[in-house]
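Structures given as structure tokens follow.
Below are two complexes that have subunit A in common, paired first with subunit B and then with subunit C.
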Partner chain A sequence: MKQQSAPGGFRRLRGLIRKEFYQIVRDPSAIAIAFLMPVGLLILFGYGVSLDAKHVPIAIVVETPDAATADLTRSFERTEYFEPVRMADMSAAVDALTYHRVDAIVHLRGNFARRLHEEKGAPIGVVINGVDANTARLISGYMEGVWLNWLGDRARSEGTQLLTPVDLRQRIWFNAEVRSRNFLVPGLIAVIMTLIGALLTAMVMAREWERGTMEALLVTPATMGEIILGKLIPYFILGMGGMALSVAMALWVFDVPLRGSLWMLTGTSALFLLAALGMGLLISIVAKNQFIAGQIAIVVTFLPAFLLSGFLFDIGSMPVVVQYITHIVAARYFVAILQSVFLAGDIGSVILPNAAALVLLAAVFLGLSRKKARKRLE
Partner chain B sequence: MLHRIIALTIKEILSLLKDKKSRFTIVVPPIVQLLVFGYAATYDLNDVPFAVYDEDRSVASRDLAAGFTGSPHFTLTHRITHQAEIADLIDRKAVLLAIHIGPDFSRDLLTGGGAQLQVIVDGRNSNTAMIALNYVREIVNRFNQAWLVKTGGREPPARLNIRAWYNANLESRWYIVPGIAGLLTLVVAMLVTALSVAREREQGTFDQLLVTPLRPVEILVGKALPGFMIGMAEATLIILIAVFWFEVPLRGSLAALYIGLFLFLMSGIGVGLMISSLSVTQQQGLLGAFLFLVPAVILSGFTTPIANMPAIVQKLTLLNPMRYFMVVLRGVFLEKAPWSLMISQYWPMALIGLATLTAAAWLFRHRIN
Partner chain C sequence: MGREAPPENGNNGRADGAAAISFKRVRKTFPRGEGRIEALKGISIEIRKGRVTGLVGPDGAGKTTLMRLSVCLLEPDEGALTVMGMDAAEDPLAIQSAVRYMPQQFGLYEDLSVQENLDLYADLQGVLPADRKERYAELTRMTRLGEFTDRLAGRLSGGMKQKLGLACTLVRPPELLILDEPTVGVDPVSRRELWNIVSRLVEEEGMSVLLSTAYLDEAEKCDEVILLHEGEVLGQGPPGDFTREQKGRAYWVKPPAEKKRDIQWRLSRRDGVVDAVIQGDGVRVVMGHDDGPDKEDLLPEENDLDFEPVDARFEDSYVALLQSRQEANAKDMAAEATPGKDDGAGRKTGESPGDSPGDSPIDVENVRRRFGDFYAVKDVSFSVGHGEVFGLLGANGAGKTTTFRMLCGLLPASGGKLRVAGLDLRRAAAKARARIGYMSQKFSLYGNLSVVENLNFFSSAYNLKGKRRQDRIEWALEGFDLKDRADAASGLLPLGYKQRLALACALMHEPEILFLDEPTSGVDPMARREFWDVINALSGSGVTVLVTTHFMEEAEYCDRLAIMAAGEILALGAPAEIKARAGKSEDEPAASMEEAFIALIESSSAARD
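And then the complex of A and B:
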């Protein structure tokens, strides 16, 4: 008997999958989710999101223009990081800062040239709009760069050398030219795939319950496991298609290097997708109706994947309690894997633990889905 | 007319809040998320693990290394003795950066400078790498300054005197938490509106609503009001948490904040209702909600400045109500911004709100099935 039921189960599964595919084709929103969303969002964000500030507008106020101030002002004008505007006095500059027309003010007082020869040196007053602390830090770093260059030039023109006791040599591995796109694009793929996974499956079980078609499925010989698999397989195929499209765009549209292997990327993506789809299924089964499933999906997918995955914000710097919470966000593991596979290579000691965590999460989500769904039968 | 609107509003509120799961989803997660995200979303680095490879082992090199171990940003996790260990530690993310002090360090330092300090940093997240390098530069600058004073060298002829206004200690939490308040307000507006018409369409009750004496404007008001009430209440709670729990200063006027909040909710609800009345199924409504929510958040200047985006994307952000609300939030919380700056944020939100609400009301009757 058992031997006979196996091919029967396979035939039933095929039937369920075919049914799901018909439904997908009839309401094309699922296809839009899998293919249109990654393309649209990646183009928008790949070009739109950048942490590299250039041409920062700044105001320069020189109280008494002379050779020394002209020299320093030119240093600010030469760099591509700043877009300086000369202003007559501080009140005009403060006005520009208040109305966000400039992000910083450089202020050279009337006695600047004279104080250059004093022992303590002349102060270069800088005011930065500190609201965006990250950008403000970048700006103050750029300011220091300009200042050091100017000091070096000045020392050379006087026939001496600038005395710096310790000379800092920095090397940035895996992303030498510091393109923020190289880490943002893999991170965005993880966020987008989280959305796709949940969106594809969050509604499907709830829809069957809501419309009463689940009862119809339950009276067929198909088991709950087969029903769930019948839902999972078509959306898994769609999701992998979307993933392939995203990776192709990362490589050929955004020129992100792929230093690891394609099979590692495919394997880990499959694991992640299982976890993401599993979460969607669980939402769908717990919610019972589409309205609530949709609400839960909005709340638990996007923002956690965006803010708690380490894609933008360093997890190690978060408070310990929050670090624990990040462990239930599947995107966290996928971001770590993607950033390594794209930029560094197949590094087993990074990929294995993260892949294991994905397996665990997928098992938990799918296992819970199976259990909750079976309970509803009784 | 008024009592019809009130009756519809009550029905809408009941359909949102009578179900325990729906009530829970609308109220609890946004508050919990504010607390979690408020702590999580910061660009400041703490306790970054680093390795020291000190070949010099002199007083000076230990002095320099002490600058790192003493900093709250760094934690020394590995002292290494071979060059090859650096690659291994960084590859497996055991450390974010390694500092390498060569064998000639103290000799070069004593004979006139130019002693090299090599810093190798993991650039997989290049933003984190750049922030860490900024801290490194500060530490090295401090060491240099102290060394010059100690050895009687001449200080540079000019020095930078950098001050930051509005956020003197450059705490990124002050920047991020008001932003999260805006984010969660938008999420709540979407939760309440994006699926509401779609659900009624799918279940057929929307057609029943259309054949009642209710005019489209009345239906619109009845559908929008619960969103306003729930959104206002939750946003107030979120603002209270930002001020009293996260201790973000609130320097501007509450009136400026609430005018902005009202207009922002209006535009968010307008977009939500428009998406909802465009959709035939709830699946489409959910897709629409995400297709609006995700770009609205990422292209708002919440985490990455709009000024860094290419010109064409910057133009696109003009359609995003969130973009304006971010300026209002940060303007009121931190800058005590002037009214004229606020007004130039208010009217685009009002325009977006009016346009989308009108479109939603029109779509109620004209959506072709």
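And then the complex of A and C:
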């Protein structure tokens, strides 16, 4: 930009941005990615996918019915987590489990009432369908809860000391209702923003190469910096629009609480979007046709954002190597920030290091693409 | 900007001012597979200011590389180049603001309107808002795009797109204008308009223009021509200088109309003949020596034909120069392409095509094709006889390709009757398709398969087995001179060879009817000659050929042709008949097919208004 006067540079940039907006308005695919995709994904995940287990069908097999077993069975019936079905014997229950009519079996052996008072314990047998490990873990947790509650109630009513040494009193913070939607929706926003930022930028740059418009742009007096800014600014605005839409849906459609401040949300989103746009630009330097650009963008940005950001799968329980890889996934930092801003508030000790990581990534991606993009065809 | 007085045309004084572009031993290579190929082999040229300099040469000669180097889109490996007195290595941005370049596929934004495209380039070129109104008015008047300013660029015809591209390039008048094949794929009317614009710019504004072209008649309109071949300069000078060397070597023979192609084919194979092409109603022959043609030797059986001397043209010297380079192994190609045809065996001329529509290979009656509320083809009727070469001519968007697709059974007709090889396409499209060969406009082979693998694939697609398949592949490799390249990846072949391979693939199942959609578009003159040789030979062996083209001189190779515009046939008949119809009066037929075409199009659009 050295030998061009500033007004000329400004006019060129304005021309490029205006052109980009005309294209966005006239090409329905950009609008679809920026606005319809967030709505679609949010509805799908907000309503369709739930990680909560409720009304789980279970079988209860009681070998010798008495007052104690009847009381415990009622406990299982009372909670909204289970839909118990009484079965006559184990073989019927196993059949039901095999054919997936129930997800778990609660087996109360003979002499249940008497063995309840013996120290050997474990008078209740539980079989859980472990095909879906996540649900299995939830079911086992809930069962333990029902069992401990029942023992506690019983001990209190009988005035005896509970045999189980631990007195478990659970309190869940930040998401007291344990609604998976509350952490899915903020995480999903990070994924959507990755998509808008990287995929859209990579595709529109590739489109310029494909249609030969890039060659014509390169021979104009416009500098590479202006050409890049001419892409960054419109898609930054579009991305912030998609972000606003997603946040509005989170707050008013899915009733996700926003405990932090709106300006913190806006500021960190802007940072993340810059990193995502930088990724898109970097991809477009390698990929000069839309198909390849789309493929690369999905493999290196969208999928990692989905799988490695901690949005669906906990990073702490990933293998160590994969945990290292997650450090270059920008979405990881943004998921942490969003979950904090939505569910906990502006917690400096969480947000600052993550925001710093976003600044670093944005600087690296944008700097690299500025350096690599040259006004040459080779 | 500096404005110079335009130098007088044809003046050879080379002293005026510095060169617009100067190359000093410039070498440029590109990686290709394991090694590198040399696109420019250390060339030195000077392109002068205030002139139109034409860049001609076959595909892969290095024309586009030379232009891209001149606008700093590429950097030379070796050598120095200056553009308008500026060093390309030091000041690329300054060069880019003084020079305007229009790439082959100009980057118009198709979803922006004409006006918005102009605005964008005005912003990019730094045209002040105050100056715009006047400049736009001038540009739209020049390009006659005034009434289309609100139309999306993607909805313009090919010729209009090219003119808009030029207008965008010229929003701020440059000192040097570089155009890469500005007239490729453009109909003759728009081609003429583009040339008028360019000559006006040079004459009135003193602009320097460098343009490349595949049309050799355009080279003649340039002040100076540079002939490039395989990265080397074969010659530079005014077109007249090139032509002078060929003076007295060009002749014209006028055989009876039905023997035209046969005579051309035989002459092109004789020793001492550099070039023989069909021109108008006759055959134009260029001899390789000054001794004049020996009738006895050239055409022993046709004693009544006269060789009439004609003026040399640029194309003659182009062909002569290139042939001396590539030692004409191509000459034998067509002879081998069609086994069974020997020298001198004439094509079947007895039957007059199209008079018994019942059994003609292609029969089209009142065919229509509608897209939404737009008729791409309306009430088209024609028929093609056995062994006939039938041409469909027209500008982009005239309905040629739509007609073609309906004939190949790729697109159902909205109305009318279509019979191909005696089969109704509505009922037996698949059966008809087994008897036709189709070569589409774009290269539609598998680029990363080798030549043999492509041939194998297409034979299996047409269900050829065992010995027959082996024979056909052998035939294709031999006849099309592909043997040496059998294992080369077809995507990396030179364009001429790609076309041969595509044609070979379309012929694997020995079709009776061959459809060729713009087979020579973007192909250089040498490769086009070879291609027409093959088509001639095929038609000689009884294959019916239907071909679309926008090269008007190629129309003369057809037995009959139809000129299409806006979905309708404007004229139908033998080339001579069409030229007679388009002439000003009965005694004065149009001088060339191009003129006939322009006259027909203009009178039809006048009738519509």
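Assume the second predicted complex is superposed on the first by the 331 of 378 C-alpha atoms of A that agree within 3 Å, B and C clash if a C-alpha of one lies under 4 Å from a C-alpha of the other, contacts with A are read in each partner's own complex, and residues count from 1 in each chain.
Everything below uses one rule, namely that a contact is a pair of C-beta atoms (placed from the backbone, for glycine too) under 8 Å apart; a residue touches a chain by one contact, two chains touch by 3 or more.
Model, not experiment: these values are computed from the prediction.
A.B. asks: Mind working out whether A:E144 is in touch with subunit B, subunit C, both or neither, as first, second, both or neither?
C.D. replies: first
A.B. asks: In the superposed arrangement, which partner chain does A:L343 touch: subunit B (first), subunit C (second), both, or neither?
C.D. replies: Touch status of A:L343: first partner only.
A.B. asks: Quick check on the superposed pair: does A:R26 touch subunit B, subunit C, both, or neither? Answer first, second, both or neither.
C.D. replies: A:R26: touches subunit C, not subunit B.
A.B. asks: Once the structures are superposed on A, label A:L303 by its partner contacts, choosing first (subunit B), second (subunit C), both or neither.
C.D. replies: The answer is first: A:L303 touches subunit B but not subunit C.
A.B. asks: Should A:Y324 be classified as contacting the first partner (subunit B), the second (subunit C), both, or neither?
C.D. replies: neither
A.B. asks: Using the touch criterion from the header, give the chain among subunit B and subunit C with more contacted residues in subunit A.
C.D. replies: Of subunit B and subunit C, more residues of subunit A lie in contact with B.
A.B. asks: Both subunit B and subunit C contact which residues of subunit A?
C.D. replies: 27
A.B. asks: Could you pull out which subunit B residues touch subunit A in their complex?
C.D. replies: Listed in rising order, the residues are 19, 21-22, 25-26, 29-30, 33, 36-37, 39-49, 64, 90-93, 96, 109, 112-131, 133-134, 136-137, 140-141, 143-144, 147-148, 153-168, 170-172, 174-175, 183, 187, 190-191, 194-195, 199, 202, 281-287, 289-291, 293-295, 297-299, 303-305, 307-310, 313, 316, 327, 330, 334-335, 337-338, 340-341.
A.B. asks: Could you list, by residue number, the parts of subunit A that touch subunit C in their complex?
C.D. replies: Against subunit C, subunit A makes touches at 3-4, 8, 11-12, 14-16, 18-19, 22-23, 26-27, 208, 211-223, 375-378.
A.B. asks: List the residues on subunit A that touch subunit B in their complex, please.
C.D. replies: For subunit A paired with subunit B, touching residues are 27, 29-30, 32-33, 37, 40-41, 44-45, 47-54, 56, 72, 97-100, 103, 112, 116-117, 119-138, 140-141, 143-144, 147, 150-151, 154, 162-176, 178-180, 182-183, 195, 199, 202-203, 207, 287-288, 290-292, 294-300, 302-304, 306-308, 310, 312-314, 316-319, 321-322, 325-326, 336, 339-340, 343-344, 347, 349-350.
A.B. asks: Quick one: in the complex, what on subunit C touches subunit A?
C.D. replies: Touching subunit A from subunit C are residues 68, 71-75, 92-94, 96-97, 99-112, 116, 119-126, 168.
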